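Next, two complexes with chain A in common: one pairs it with chain B, the other with chain C.
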Partner chain A sequence: MYRDKYFFLLPGLVVLIAIIIFPLLFTIRVSFSSWDVFQPGLDYIGGRNFARVFEDTRFWESLLRLSVLSVSSVLLQYVIGFALALAVWREIRFRRFFRVLFLVPMMTTPVVMSVIWRTIFHESLGPANDILQAIGLGTVPWLSTGTAAFISVLIVEVWQWTPFMFLLLLAGLVSLPREPYLAAAIDGAGPIRTFLQVTFPLMAPITIGAIIIRLIEASKIMETVYVMTSGGPGTATETSSYYIYIRGLRDFQIGYSAALSLTYLVIMIVSLTIIAKVLARMLLPREG
Partner chain B sequence: MKPIKMALLLSSSIALAGQGALAQGDYSRFGIKEDLPGTCSYAEIDKKDYSGKTLNIITHAIPVMGEPTALHAKQFSELTGAEVNVVHVPFGDLFQRIMIPFQTGQNAYDVMFYGSLWIGDLNPFLEPVPEFYRNSTGMKDVTPNYIGVASWGDQMVQYPVDGDRHYLKYRTDVFDNPELQAKYKEATGKELKVPATWEEYNEVAAFFTDWDWDGDGEKNYGSAEVVKRDDLMFSAFISRVAPFAKHPDVKGGFFFDLETMEPLVNTPGWVRGLELFVEAQKTFPPGGNNFGLGDEIFSFGGGQTLMSYSWDDAYIQAMQPDSRIRDKVAAAPLPGSYEVWNRETGQWDRFDEPNRAPYITWGWTAAVSKSSQVKEVAFDFLCFFSNEANTLSDLQIGRFGVNPYRNSHFTLDLWQDKLGWSEKSAQTYIDTLSGMDLSRNRVFDLRVPGVNQFMSALAVGVSEALAGQKTPQEALDGVAEQWRAIVDRIGKDTVREAYAKVVALEDNLQ
Partner chain C sequence: MRTFYLAIKYLALLLWSSFIVFPFLWALSTSFKDANAITSGATYIPWLQFKPSSQGWASLFSDGSTGINIVDPYINSAIVTISASVISIALGTLAAYGLSRFEFRAGFVKNSDITFFFISQRIMPPIVLAIPFFLMLKTLGLLDTVYGLILVYVALLLPIAVWVMIDFFGNIPRELDELAMIDGCRPIGAFFRVILPNSVPGLVVAGMFCLIFGWNDFFFAFTLTFTKVQLLPVAIVSLNSSVTPWWSLSAFALISVAPLVLIAFLVENFLSKGSLAGAIR
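Then we have the complex of A and B:
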């Protein structure tokens, strides 16, 4: 009778196994096979796919590019998102309107928005260069040089996902206790000092959570690259997830792309754990 | 003859004619002008009863090929009573959506519409086209190029529904303009003529770049090309390379040396093609080195650029009734080269006339799955899809992506009278397209297992050279290295066996 209670766990357990455990185990199994367009099925080739991953300079370059892109985009999202959250946290006119407005980019479909941004950045027909020319700044090769294309992808990422950061940080600000602010006011602290010594430290746990969540998401960037640049010019905007997509679904190298995915997963788990620990050490007050 | 007898004869003739018309039937409700006689005409398919049978089809997203598939599926269902389900998939997902069920032994789709270059991967899963359909009226009219494209060795496993090739498109209002001709001669010392070589193409394009030569107040440019990586750029590059690397007297492979299976992609002919591709970038519109197929269509079809080359779409776009450059465009064979790399002698051979190597690039095709339980329904559907009335109607709708592939499509009557094209636009189009069938120096796609892997590696290498990350030689050396690795993984003999079928087409052995 006492053991019957465990049956209530069964539905959740089944779902967990079906959507997380099984695909993960299957991916691990596939990564040890040579499943390819010309070789269907699950044979066993040992660690050959993983050995190939370590020699694949294009994968490691794409990982480095991804690191730069995700860290810089998340930092920008954090700074802008925090500024916007602070702006609507206070009593301002049309506060509700602005809160909804700031969330609009996040609610749009990434593929659709990437197509729109690609049109905006179209160098001869898009409005971005028209505006720059109208104010006398000349044109920018948004998508046709490596550096500019990288920055263009970064802009779209920041535009699309800053609202998410804004939402988390605003929720954090709204839940902050009032007492430290009263104390700061009594002590005569100005707005900058209040922010640096009260708001920012109090927001540290939320900051860490928001940055980690966004880093996880940003590291999966795919649609923007796919639509805007296809990883080019050359390989200038090719990220790991786009590279794995090419290998897996375009080239149909299923076994090898499984090995790439697992390598990528392990690297992500390790690096995000380290980043979380570093952020906690930097931002959270030390006990004692 | 007595009047009464005359009247009887006349009335019986009218009655017979009326019966004939009734048998032919009125199918205009399906959106066609009239049914046309043929093996799978509306009238013939109307006689079939496939009630209770289900046909599953996978095709491209709407509109290109997806829209005609959906349209003819609905018509077929109404005529035969079959239940027809159509799944539309974006191009990037199409290959894996077809391949995964095949590899895992599922019978997901009876009919597949896909890119004809995948025949090297898909052929083990395809049902050969039965003799009845190979002898159909529609099939008998298909040109030899597209019979070749549909065949795997001596077996036809793909059903021709479209014809594709790359060719040159140019603005006649510029090339035929005496003022612009004089201006060009003054600046370059040369006559302005339709480029016969890729060097001339780049020269003409460079002159007509960055100034308003059509007087619309906007700057114009020389060339629009498909350059975006992973967006069919490999096909554009093959068009540019072909005349330098496809020697008419050297047999045995364009992509590989068939004997050794050593890649030829980094030989001097290929490198020269890439050098000129890199050089051509300065003649593109702003952002032109990130142009995908859609941008190329829009740029040339919209009147921004002087020349372009790729599939039919940009030409059809330019010839739309509302186009401001309608009847100001013409077609010509792809530029060639006076010098061709001879890999047997290891030297450049010089020709008196430019070497032309038409690229019969991949296009849409269709096939029936070997594991289909309704093969007869499936082939009847494909035969109906491409019947005379449907094809004639589909050719006239640019967004459908159905391009000429039958002898009857190369008549002035169709393009000039039915579509109202000018004589020059229609005639050059017909001559260029039909002329490619006559060439003895054609290049086909690399139709071998793993073609996407080979083309993906090629696109990255070319893109690196275009972006200035590598020199053309370095980039193509890198591609050759990757191609060797792919061949090793797939197996040299497997690739050779498949590649031999491509070489047979290119060397006119088939």
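Then we have the complex of A and C:
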């Protein structure tokens, strides 16, 4: 009778393994070959590709840039998303209107909105500089200098993904128990103390989950970059994914880009695990 | 003091709202401009600041004589997203139910490991899979077809479906299954007759997430299709790289993001009833 259980699990498991595992194994094999546009094929060159990764400063710089970009954008999303969620959590006027509006950006296609943002940041014809000038702040060379281009990508990421953080945190707030708030009210705690001593601790598990989910997604950033700056000016906004894309699908250095992507994957998994552990230690009460 | 607090709060909400709305309004206004209106600098209000023109919108529906074809990419995007979502939810729901109700064991692998395997696929950066997917589809003769894309999108969406549904089934009391089985149902029968009809909210949430991530993906559509099949995001980005009139670009962009914006209303509805709390964690 309990044979039935395999009917449930196996179809999904087999499909996922078939679609994911073979490509992954293939990538591992290819990373030990010199497959490129001149010599397509699976020869064996040992760890030479990985040695090259180790000396590739452009890759390590892109990784550093990616960490700064993803950590800063996720922190901004968390602070803004939490503030917004708190603001529309309890009864306020137009609550449902605000809630719907705050969710909208995550429903829109990132590359399509990036195309629009690119026109917004256009230096002579776009509204970003027009508005800055109107307030008297002067113009910013948005997409043609390194720092400004980096900030424009950051702005677009925050616009796009704060709603996701907002959604996760608001769903958490809505499900909180009422008793601790009653107790706090009886103790006569003000709004700030209630937040610090009741809301924030209760939200800690959700905070950790939300930050990790967003960091995972943010670590893959490349579409926004591709549309808005193509990694430029120079390599000022080049993220790891985008660099691997250039090596693999533009230069067709298949073997080398496989080695790059495996290195990137391992670094990603290790650092996300460490971050999750550190966050849990910081925010969750010690047990035992 | 209280009114001061409130004023600050509403001011902040208003500021953020305008930041969110701005790109849409800008695109809407741009979509009614012509070359003159664009090159004379940033303007916002039609009639007052520029003379509106409908050529941006007209160019999208002019039988491709202007070189812009919106209908085919739209249909392709809908076919790929909906098929992949349906397949992922079917497979994902079954797998999630199996994992939440039965014990599986293969050597040192337990239920939690299988669950983790499913969900952890979200960590995989698309670029890692892009090249093997490319070669795999090439071998199968599925490059530049909707079938190839559907296959790849299932891998992308299945983890999301499993993630949402495992949590959802965790909140459905086991007594419900047991009752059905006492009535003589085998587990498969209990699942289809009792559990599935009670899972509509979970299925809707899973469906929404699959639609969002499927419709909005660009990278795989971009690397795995070329000329025969084009999805919406790829169509727009390819417009972007040629010398494109901003008005057509804006109109195109607005039409392509419109259907999913409606999902925001649905999500808010679930949120207000509190039924998202179980589904998202």
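Note that the second predicted complex is superposed on the first by the 278 of 288 C-alpha atoms of A that agree within 3 Å, B and C clash if a C-alpha of one lies under 4 Å from a C-alpha of the other, contacts with A are read in each partner's own complex, and residues count from 1 in each chain.
Everything that follows uses one rule, which is that a contact is a pair of C-beta atoms (placed from the backbone, for glycine too) under 8 Å apart; a residue touches a chain by one contact, two chains touch by 3 or more.
Nothing here was measured: the structure is a model prediction, and the numbers come from that model.
Undergrad: In the overlaid three-chain picture, which partner chain does A:G41 touch, first (chain B) or second (chain C), both, or neither?
TA: So A:G41 only meets chain B here.
Undergrad: With the two structures laid over each other on chain A, which partner does A:K220 touch: chain B (first), chain C (second), both, or neither?
TA: In the superposed model, A:K220 contacts chain C only, not chain B.
Undergrad: With the two structures laid over each other on chain A, which partner does A:S124 touch: chain B (first), chain C (second), both, or neither?
TA: A:S124 sits against chain B and chain C alike.
Undergrad: Residues of chain A touched: more by chain B or chain C?
TA: C
Undergrad: Which of the two partners, first being chain B and second being chain C, lies in contact with A:M268: first, second, both, or neither?
TA: second
Undergrad: Go through the superposed model and pick first if A:S33 touches only chain B, second if only chain C, both, or neither.
TA: A:S33 contacts neither chain B nor chain C.
Undergrad: With both complexes superposed on chain A, which partner does A:P141 reach: first (chain B), second (chain C), both or neither?
TA: In the superposition, A:P141 contacts chain B only.
Undergrad: So, A:L249: does it touch chain B (first), chain C (second), both, or neither?
TA: The answer is both, since A:L249 touches chain B and chain C.
Undergrad: Can you list the residues of chain A that touch chain B in one structure and chain C in the other?
TA: Comparing the two interfaces on chain A, one with chain B and one with chain C, the shared residues are 124-126, 129, 226, 249.
Undergrad: State the interface residues of chain B toward chain A in the complex, per the touch definition above.
TA: Touch list, chain B to chain A: 92-93, 95-96, 99, 102-104, 121, 228-231, 285-290, 292, 295, 298, 304, 449-450, 452-453, 456, 460, 463-464, 466-470, 489-491, 494.
Undergrad: Which positions of chain A touch chain B when the two form their complex?
TA: Interface residues on chain A, with respect to chain B: 34, 36-38, 40-41, 58, 121-126, 129, 139, 141-146, 149, 226, 229-236, 246, 249-253.
Undergrad: Hey, which residues of chain C end up touching chain A in the complex?
TA: 9, 12-13, 16-17, 19-23, 26-27, 30, 38-39, 41-42, 44, 91-92, 94-95, 97-99, 101-102, 104, 114, 117-118, 121-136, 151-152, 154-155, 158-159, 162, 186-188, 191, 212, 215-216, 218-219, 223, 232-233, 236-237, 239-240, 246, 249-250, 253, 256-257, 260-261, 263-265, 267-268, 271-272, 274, 276-278, 280-281
Undergrad: For the complex, give me every residue of chain A touching chain C.
TA: Residues in contact with chain C: 1-2, 4-9, 11-13, 15-16, 19-20, 22-24, 26-27, 30, 80, 83-84, 87-88, 92, 96, 98-113, 115-120, 124-127, 129-130, 159, 167-168, 170-172, 174-175, 206, 209, 216-217, 219-220, 222-223, 226-227, 241, 244-245, 248-249, 254, 257-258, 261-262, 264-265, 268-269, 272.
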